Every structure is written in C-alpha cells, then in structure tokens.
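Consider the two complexes below, in which chain A is the common component and chain B and chain C are the respective partners.
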Partner chain A sequence: MSTAVATPSPPHSRRPRIPAFIAADRGGQVGLVFLVLIVFVALFGPFIAPHSPNVPIGIPGQGSIGGSPLGLDQLGRDVLSRALSGGRTALALGALATVATYLVGVMLGLLAGYARNTALDGITMRTVDIFISLPAILVMLVLVTALGGSSWVLVLGAAVVLFPGVTRIVRTAAAETATRGYVEAAVARGEKRGAILRREILPNIMAPIIADLGVRFSWSIILIASVNFLGLGLSPPASDWGLMISENRSVIPTNPWAVVAPALALVLLILGVNLLGDAYVRHLGRSSSR
Partner chain B sequence: MRRIAAGLGTLLALSVLVFAATNVLPGNAAELTLGRNATPPALHKLEHRLGFDHSIAHRYGSWLGGLLHGDLGNSAVAVAQNAPEPSIAHAISTPLKNSAVLALITTLLLIPLTLLLGAFAGIHARKKVDHMISTPALVFAALPEFVTATLLIVVFFGWLGALPPVSLVAPGTSPLSNVEVLVLPVLTLLLASLAAGIRQVRSGVIEVLQEDYVHVAQLNGLRGRTLLWGYVLRNALAPSVQIVAQTIQYLVGGIIVVESVFSYPGIGTYLVQAVTERDVTAVQSTVILLAAVYILINLLADLLVVFLVPKLRTELS
Partner chain C sequence: MSSASASSALEASGIRVELDDGTPVVDGIDLRVNPGEILGLVGESGSGKTTTALSLFGHSGRGIVMTAGEIVVDGEVLEGDRRFQQARGRLVSYTPQNPGAALNPSRRVMQSVQDMIAAHRREADAEQLSVQLFERVGLPVERSFTERYPHQLSGGQQQRVCIAASLAPEPALIVLDEPTTGLDVVTQDRILKELLRLRDEQNAAMLYITHDLAVVSQIASRIAVMYAGRIVEQGPTESVLREPRHPYTRGLVASTPDHRRPRTLEPMPGVSVGVGEWPQGCPFAPRCPQRVDRCETAFPPTEQVTADHDVRCYEWRQTPPATAHSVVPGNVKSQEEHPQEPVVLEVRALHAEYRSRHETMVAIEDISLTVERGACVALVGESGSGKTTTGRVIAGLHPNATGEILLQGKPLPLHARRRSAEQRRCLQIIFQNPYQALNPRHTVAEEVARPAHVLRGMSRRGAREEVRRLLEAVRLPAATARRYPRELSGGERQRVAIARALAAEPEVIICDEITSALDVSVQAVILELLRELRHDLGLSLVFITHDLGVVATIAERTLVLENGVICERGSTGSILESPQHPYTRRLLAAAPSISLAAESWTLQGSG
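Showing the complex of A and B:
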C-alpha cells in the first residue's frame, strides 16, 4: 500500500496512546474499560481460574461456598472458573466472523461500486438483497440444519448474515469515489482494476467502512451466542457464555450466579463493543462537520 | 405492483437457496433423521416414502408446487416414526396460533408504549427524563434476547418467585387462558424492540417542536396537551409507521429465540426442535413460511407508509 502514510510515533512514548475518539468521549471511555476487562478475562482468565472448568467439585447448583465465590453449576463445576474460561469462544468466533464479513463484503462492494450500473453491479446487489430478506436467526438455523453445529458453521453463518450490509455501504461509497479525478487519472494511466480498487478507492472509503465495525462485531457475537444458547452450536462441555446460560437455567433457584455471571460477561462485552463503535461514529460526525 | 413482483421474486430465490442449503450439501434427510447407525434397508424405505429417490430438481419442483397449493409437505421425522399425521401443516397450526397471540399482544403494547415514551423523551430532550428513558432502552436493544430473558427469569422467578420461568401451555388450551405465562416473553420482546421506535418518535418530536407553526401556536397561547396532541404528535407520527413495521418484522426473528427460552409452544420452539432433530423437510417449509410473512410485512409497511404520507405518494407518481 503505497498511499498508506504511517504516522511516525515519538520514539520515547512510554505507554500506548489512547486514540482521541475514545479519550474525548465518555461513552468511549466506558466502552474501552468494559472491553479491556473482557479481553483480559478471555486471554488470562483460564490461568487465574481457581479450579478446572470441566471437573465437578461439589454438589450441583450449590450457592457460594469457600473457594467458590460464585457457587457451582448444574454439574457441580465451579461457576467462576467456567466464566473465566468462557470468553475465548465468544471473542474469537465473533472476531473471525467479522473478518470474514469484511473480506467478502468489502470485496463485493468494491467490485460492484467500481462497475456501477453494469450487469455485475446489478447481479451482485440483487443477490445481496435476497440475503437481507431473511431474518438473521433463520439463516443461522438453516445452515446449522445443513452443516451441523461446529465453530466453522457459526462463523460462516454470522458472515452470511452480516456481509450484505457491508457490501451495500462499500458499494455506495466506492461508486461515489470512482467518479473522482484521481481514479480517472489512474484509469487513464492504464492501471489494472485490482490496483485501482486497492490503492485509489479503498483507502478513501475507510471511514464509512470502520464506522459500523462495532455494530457488526457485536452482531456476530450475539448471533453466535444465541445459536450456542439454543443448543445448536458448540456442544458441551465447552465453556461458552451462551451455552453456560442455557445449561444452568435449572439451577437458577439455588445458584442464580450460574447464569448471571456469564450473562453479565456477555453484557459487558456487547455494550463495550457498541460504546466504542458509537464513540467512533460521533468522532466521524464531529470531524466531518468541522 | 412492482414491489409485489419483487417480493415474490425474492421469495422464489429464497426457496431455491433454502432448498439447496438443506438438500444438496451433506448426505440426505433420511440419513440425518435416522442417524448414522441406520440399516441400509430402513434408510432406503424412508428415502422412498419421502420421495428422496427422485432427482433434486424433481424434488424441488414438487416441494414448490406443494407450497403454491398450501401444502407444506410431511415432516421427515414424523414419517420415520410412522406418526399417524405426519403433515407439517398439521403440526404447526397450533404453534402458529400461539405465536400470533404472542406477536399480537407485543405489538398492541409496543405501539402506545413507543409513542408515549418517545414523545416524553422528545419533549424533555437532553434532560434527566430523556436519559432515564433512552439509555435503558438502548442497552436492552443492544443485548441478545436470551440474555435479557434469562436476567428477567432470575429476577421474577429466582428472586421474587412471582412468575413462571417456562411458559407451558397445556395442549388444546389457549395461552390466553393462563396469561401469566405470557408476561415474561412479551416483556423480553418489548425490551428488545422498544429502543428503535422510541428513538424515531423522539427525534420526530424534537424536529416538529422547532417548526414555525408550533412556535406560532405557542405564541397564540396554546399550551401543554393541546399543543402536544394537536400539533406535535400528529406530525411526528407518520415517520413512525415504518419503524413500527420494522419492529413487527423484527418480531418474526426475535420470537424464535424468545419462545425457545421460555419453551413457549409457538412456531419458534417448533423450528428449533426441528433443527435439533435435523428434520430437514420441516425446517425448509417452516423457514419459507416465516420468510413469506417477513416479506409480506415489509410490503404492507411500504404500502401503508405511502398511504399515510401524502408527500411520498406524489414523489412516487
């Protein structure tokens, strides 16, 4: 990427700098705290967990006891330890699905936008319309029926649900950018289509692409967690927050923490992602109105 | 007319996609239904009874033909179990009614609540009341339904012991005969869907409040309720129709997870059960049926908006 200009960082900066759009925004600050907390749990939770997440240590559904502040789940396993190790699947699968969403969505959007008002554009966008006309959870259920409930199917499902939105946004932005002088100059220089899309158009439409990254990421987390909750995704004994909530509904009367702990973890994760995304959108709004 | 054609076209394309996804990819329905350990003769027999020994194109044709006649086909699992009444239409008639009850009650509560809370937030924009309405609404809208539902169960069943954690409805009775089973599912759907409408009504009210004719009315001495109902709400209402329609459309998907959380005997629970059992024929017919409802609501909303907002009518023609 020849046009990407790396901003030189000061050589003696001791701590990583927080981007302005977070530092200057109350919602962004809260979101960052939530997300850092959850990422920390996902990365290091399994190492600080007091017990093994998969070994029963006492009476199923028992409330808080010594060494087990959040009590035990429906099989007698330590809720705290399971909650601490349940973040990886939510974060990793959500992130993978988001990456896949953007890979497909950006590529199709660029192609359709650059070829605006041609057959390629028309066919791509009509296909996208069809994918959008089915409720998200139905798409997930059809794919699970067809392919079974593995991690890859969850990632694929979330990407299939979410790529049309990205394609639409990228197509609109790319079609607009494609009429600019510098793109026409590149066409006149005889540059290849791939090079034009990558070097001339893509860098100039990054803002609208990043703007709803947060929304898509939180949506993939929600979709995957929902399918896990329905018992159609990851299978036990996986410690996944969505799966934990559904497993432990039977012990709500004796130990509500068994569902409250994973639920709160999901709440923090989703709100954190959304708050950061909103802060970025507000930042874009401010800088464009200046 | 063009919109109706587009809707039908989308539905047709969806039927191809859904059929292809559930039929072409792995193995076949008979195998999935009977499990891996099925004996070849049993498999063969079931395949024949389900019509799976025909070509894919032939099967798609007869499925689509059936759909057009209102025949949803037979459930593969029910046929495999030699159930006396294997037709999908028979199996889903009660769940569909139950789901309709749930969706209808939610919508009936949703519309006045949206208008009330949205107007309230709009009039007191950026004040404490506004934040007290808007912030929780946005938080609940961001959360997955099953998280909201589970937290509601913890509070209303676990702590207060006031409401049942599952919404069981005895076969042959209506969910309306035991209203308390409906409270938590409806509450979950409301919490998940209120925010979008509230935001829309709120910004509509804020916009109208800045119009000249409202200022003139204020200067003429109109105050409080008259001003609000006569001038502000009426003009903020039209754009809200679409958001209400979008919310109802949301319900088609949202109801699936919410029903499953509460084991409410509706179409969502039926579908999830069918997916769990890998009942391919039941899944494909139910999905297409729900997709048709979804597209139909979309279409009706478009027409209703055009009907209610005269400006759009002239712009279109």
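Showing the complex of A and C:
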C-alpha cells in the first residue's frame, strides 16, 4: 500500500515536463542551478578533491595557502577537500528522511482526510498532535542516545519529527477535495477507497504537498546537520557539512572558511530545493486554476 | 435620449475598456438612468456587465483600463482618479454580487453601515442615521440584531445590510450587481419589492445588473442587453421583452423558462464570444438565424425601433416574435401521468439527519416518492428544505439515513458501498457545481470512460468507442475527449458530467440543481438535451431545483419540500395552476416570471 502513496502517478500527458516549468520561471532556473551544483559536488566532489579529506597536511586552523585555497581545519586537514566530500551524507540522509516522512505523512493524511470527522480521523489526528508537540531536537537526541548515531537512526528520527506536519497539510487538503463532485461520483460508482485516494484525491492536492516538500527537505537536512553539529550523530572523522560546522568553531578566528564553506553549501542546497518547489507550485497554479 | 442630460442621474457614453494589450472588453457603451428609474443591464457571463458597472467608478481590475468614454453622474463629469475617488460612494454606490464576502467579517453589521456614513457624511449623526437606514431596508433595529456579525445573518439580511450601506451617502446612482443571485425566491422577491419601494420613495436611480430576464422584467423600467461587450438592444422593459428586435434578445427570451407559461425552450445554437475573440462584424452573427453577408464584415450601427427603443442589428425587422410558436398551452397537463410505465424507483419513508459533535439535525423526514420509467419527478424547495439531501440519500452518499429504497422492485442498500455494481450502474447522480464535478487532472475521455469500465466492465478500447458515442449524444465535438476540464466552459463541463452519468447506462439519473450555475441559454440547451435523452433512452429523472420555471419545462410531477417534509405533491400542471399548500402558494407568488410582468403591463395599458 505504501507504493500506492509513494507514486503519485497522474497520466504522463499532463505531468508538467520539468524543463518546461523551470524554463518559464526565473526562481526555478536559479534553484535548478543551485541544486545541480550541490548534487554535482556531492557525487563527484570526492574525485576532484585535491587532498584526502582525512589526512592532516599542515598547521591546524591555517588560512588560505598554496594548494589549499580554503585553508585548513582544526586538525590541519584541507577544508576544500572535506567540503567536496561532505555533501553525500547531507544529501542522501536528507532525501531518505524526506521520503520516509512523506510515505507516512501522506498516507495517514489521506486516510484521515477522506474519513473526515470520524473516529479514524480523530484518532489519527490526535496521535499526530502528540507527535507534533514533542520538541524536535529532543526526539532526535533521545533516539540517537538510545539506538546509536547510525545513519538509519538519523533518518528515522527526522521522519518521526517531520511527518506530523505533512499529515496535517494532506489531511486538510484531502478533506476539502473529498467533498468535490468527482470524488462523490467515484464513491457512487463504488470505487475502492485506495482507488479514490490515488485517482481522485492525491493528484488534486499535489500543489500543497510539493509546496511543502522543499521546506520539509530543508528541515530534515537541518535536523540531521544539527545532531551532527551537537556531535551525537555521525562521528568524526566522517566528513559531513553539519559536522564540519561544529568541529571548526574553534578555528573561526584564524580560518573562517572552515565554517563558511560547509554552511554555504547547506544554504545553496536548501535554497535550491525551495526555489524549485516554489516554481512548481506557481506552475500548478497557472495551469490548473479553477 | 429625449430628456435633457442635466436631469439624468447617469449619462455614460462611448465607454471602452481594454486589456493591457489593447484587446477590447467592452466598447461603445451608452447608458442613461433617470432619477426614479431602474435600468436593467442584462447579459450572460462574460458579456461585460460587471466591467461596465465598475468603469462607472473609474475602477477596473488588474491589467484592464478604460480608454474612452465620458461618464456624467448627477451633472458632474467624472474624469481622472481623484474625481472618481471622490465620487465613489458619494455619487455612485455599489452593491456587489456576494454580500457575504462584501461585509467585513470582523465588524458588527451596524458598524459597517456607520463606516460608510463616517466616510461620506461626517455631519450626520451616524447612530441615528444608521438606524433609519436599517428601517428603510426592512431590517430589525434592536440591539440584539444590529450588534451581530455578518456570518450570523442570512444571505438576504446580509444583502440588505449592503444595500443600507450603499444608501447611506445618498448617492445619485446605486449600482446593484446581481444582488439576488444565490438567494431564495421568497427572499429575492422581498428584496426586489424593497428596491421598488426605495425607487419610489426616494426617487432613486438604480442600475440593476443581472443575467435573469424574469427578475429584470419584475423590477426594471428599461433594459439594456449586452452581448460580447456591447449593448445590442436597449429600450423600455415592456417593448424589449414583448417584441425583442435583436435576435440575441429574442433567443434569451425564448430560453427563459416560465412557470406560468410552460413551453419548450428554444436553445440558441453555438456558444457566446469571449474577450479577444470578437469577430470583425457582428459578434452574434455566427449564431444568428437571420444573418446576411454584411453581418460578417461590419458591426451594425444603432437603429431606432421606436423613439426610445434602439437595436444594433441590420435585420431587426426580420426578427420573429419571441413566443408566438413556442408556447404550448396545456403542455404540462397533457403529459401528466405515465400509468402504463413500470415503476423504476420507489422511495418509502426516507429519514436523514446531519450529525455534528454537539447536535443532530433532522434534514428530511418521511419522504416517499415513485418514479416511473421515462418520467421526470421534480423536487422543489428553498435552500435548506432537504431536496439535495434526498437526492444524496437516494444516490447512497448520505450515511445517516433510514427508510426504504426500491430499485426496479428490489430493495436497495442505503450506502453506495453496500450496493452491487449493477445497482450502482442503474442509479447515477449529476451535481450542482460543474466546476467541481470533474477531476481537473483527468481528461474528458478518462472521466467519461471510467463508469463504463468500472460499472459495465468494458475494455479500454471499447470504452474509447463509447466515449465518442456519448460525447456525440451530449452534442460535444469528438476533440473534447482529449481536453481537460479547465479548457471547457461551465455548460460544456455539465454536458461532460451528463455524459459520464450516461456512460453507466443508468435507469435513473438524479439531477441536483444541475443548471443553477449556468447561463439561461446554456440551461435551455441542457434541459432540451435531457428531454431528448429521456425520450430516446427511456431515462427517468429525479430533478432537484429551486426554479419553478425549470420545473414547468421539464417535470411531469412535482414534490414541494419545506423544512425536510413534503408539503405538497401532484402533477406539475395542477401544482403550478392551483397550489393547495400555503408554502407552495408563497413560492409561486414570489417566483419571477416574464409573463407575470407582461400581465401587469397589459393592466397598466388598459387601465
């Protein structure tokens, strides 16, 4: 059943071609450039890095020197090389956490919204309320402390923290759409619940879902980076942008690049995702108003 | 054109409004309203009525600009933003279409009126004047009422608050934009009567915008008919409605159902012209039965029919009378019952309620009805009377119901989910709002093929053939199959919804106010289409509507609902001609009708 929710597959004819909706939108173009840049760095960065990310090559905290334009970090390792190899974890864990968030969030939201004002709706949403009231970073820290700071725990933690928001958005949109004539017509002709959710409701609530996607993805990256920053997630010597910001606080006076470079990378990634999400929503608004 | 301009409340000439790129929205609009006169501005959606009205305030939407024309209100020439700004409210006031959205939800209703007074008549005692205004529009003046918020008022009361607010500055001209659309007939009737009283008592000048000829026949002294951004006919109400000279006006009159004179409607062919699609010649020419060659090259100039009745049509002398051959006297009585036909649907003692966390509201009580094969049974009543709930229960969409439904003699479960595919196939429903009836993410073909596939087990290929056949049946071009709902007009969407219902090959279709969101000419097309389908396929209809004119046109039998209970039932003819129940009488007395207005003209003429 999870696949049913994971693949919002409206027929191909109308699925906006990605280049088309970006080409028409300045924000989308900028977002795409940012995202392509970051994904490129994450994928190929390690191969073009001038030095090994884990081997000290000079005095810790040293500024820009020959062969090391961004200087060295608190252990004397090359900041550029570490920044080039630190994107994979941020990107992969963020993406995985987002997928997990949406699998749970969209499914619960659709079920609750379609069953609006029934016991199923009530129980689901009160449970969601409990989850939403938990402080995000606390949940992450408890989970990491209890289960260890592995990648899977980080993904699980981010999903637990983030799915309630998705459920609420989807539930509201689904409950509104469920009163439309085409949904009632589907009920009247006896379509199964799964088919109604997938065919009639989900494709029509994609705008709020996608608008939210960028924010949610950014959040998962920030959450995981925060845990790493606190030193409880991925442990050194792994190179991760969040972890790098944390490790290099002490060398900010001598080599600010050690913090600015990974921070900039995170900012570009989050901005890119958000700009693309916004562009897609603008596109949906243009093409299916009414 | 005869009286001097100094005495007119409004004298507008040559108004032209364009989009940014120069595409005309309205053009060459001349309007004159005298004090103590109501001018009805009539046209269908997209004809430019509201654009015209807003231009009188120097107001236009984004990307729209008035490029020509002169507006004189009460002897003052309005020009430039400042003059318009000063004139708004003081000289010209506006009552918008949707009163619920026009009132500030966080202000008490009396305050809304006082705000208007404070803005325009600072010398007046706002408290005292607002009470007077409430009295004038027939609203209660007790504190318990005046301190309510807009959402605590009914639609009719909200509209009266808006009217009170627009009266506050004592403007020379009141513009009312579809003020009764969406209100019940009884409420509408009360508001119309109050407007007439205000006109007489205050010698007020009003511009009344509507798409409904029956309403305008009741209230306007003169009518201006708009088509594709231009006024095509203008004159005294009586002469325009009795002897329309423009073929479009004639078409509108022939498309308007009348509960006092049931007759077959004559739908106009084609669809109306949108902004940016104006042809070189007369915009109505493609749909016009009496077009000649020059209609396609030049837009006709204004010609005088009589001193105060003018028309823009080359061939206006050829226009046939509006109702001469279409009236079928006794039409309804002749087709009263179908005793020989078997009963398809029988409903016994239906009871339904709405439950919220705090209370349970009874929606319908003890509703029983039978529908024979090929028959059309109308459910009539005001909003809240339970007619829509009845339709939804029969369709299996309302969960909290009890009672018995028999389909072809066999009991039918109350919940759609418990019905067999065969039972669901036999019973289809079409909804009120064509803009929400179709899934915006599906093509017309997908939407229409689905019931054939799910309920009749058709293969994909077979369903594709079926879609083509069904689109033809509802008179849509085959190319419609590939289009999305957003590319279609309201009337086209509703035809797709009908095709989707037909795709199941049903025995009974429940039509829930299916024409109430449509223009009259489109409504006429849909009603005629349903009539033919009933005849050709032996379809039975349960037709839910608030419009008695529509009932007279389509239904043999009628059930009148009041507060969830059937208060009167019988043949449509006998109900319309000799209603027994006081509620039915009240409904009939309030329903607007062109022929009713015509009787009063005759009376005035003879007396």
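Here is the rule we use: the second predicted complex is superposed on the first by the 241 of 290 C-alpha atoms of A that agree within 3 Å, B and C clash if a C-alpha of one lies under 4 Å from a C-alpha of the other, contacts with A are read in each partner's own complex, and residues count from 1 in each chain.
Heads up, the rule we're going with is that contacts are C-beta pairs under 8 Å (C-beta built on N, C-alpha and C of every residue); 3 or more make two chains touch, one makes a residue touch a chain.
These figures come from a predicted structure and were not determined experimentally.
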Query raised in the report: Which of the two partners, first being chain B and second being chain C, lies in contact with A:T145: first, second, both, or neither?
Result: first
Requested in this report: Using the superposition described at the top, determine whether chain B or chain C touches more residues of chain A.
Outcome: B
Query raised in the report: Touching A:I245 in the superposition: chain B (first), chain C (second), both, neither?
Result: first
Query raised in the report: Should A:L134 be classified as contacting the first partner (chain B), the second (chain C), both, or neither?
Result: first
Requested in this report: Jot down the residues of chain A that show up as touching in both complexes, chain B in one and chain C in the other.
Outcome: none
Query - Residue ranges of chain A in contact with chain B within the complex - result: 129-130, 133-138, 141-148, 218, 222, 225-226, 229-232, 242, 245-246, 249, 252-253, 256, 259-260, 263, 266-267, 270-271, 274
Query raised in the report: Touching chain C in the complex: which residues of chain A?
Result: 10-11, 13-14, 180-182, 184-191, 199-200, 203-204, 287-290
Report task. Name, in rising order, each residue of chain C that touches chain A in their complex. Result -> 395-397, 416-417, 419, 421, 424-425, 427-429, 431-433, 435-443, 446-447, 450-451, 454-455, 484-486, 497, 500, 504
Report task. Flag every residue of chain B that touches chain A in the complex, lowest number first. Result -> 10, 13-14, 17-18, 21-22, 25-26, 139, 142-147, 150-151, 153-154, 157-159, 165, 249, 252-253, 256-257, 260-261, 271-272, 274-276, 278, 280, 283-284, 287, 290-291, 294-295, 298
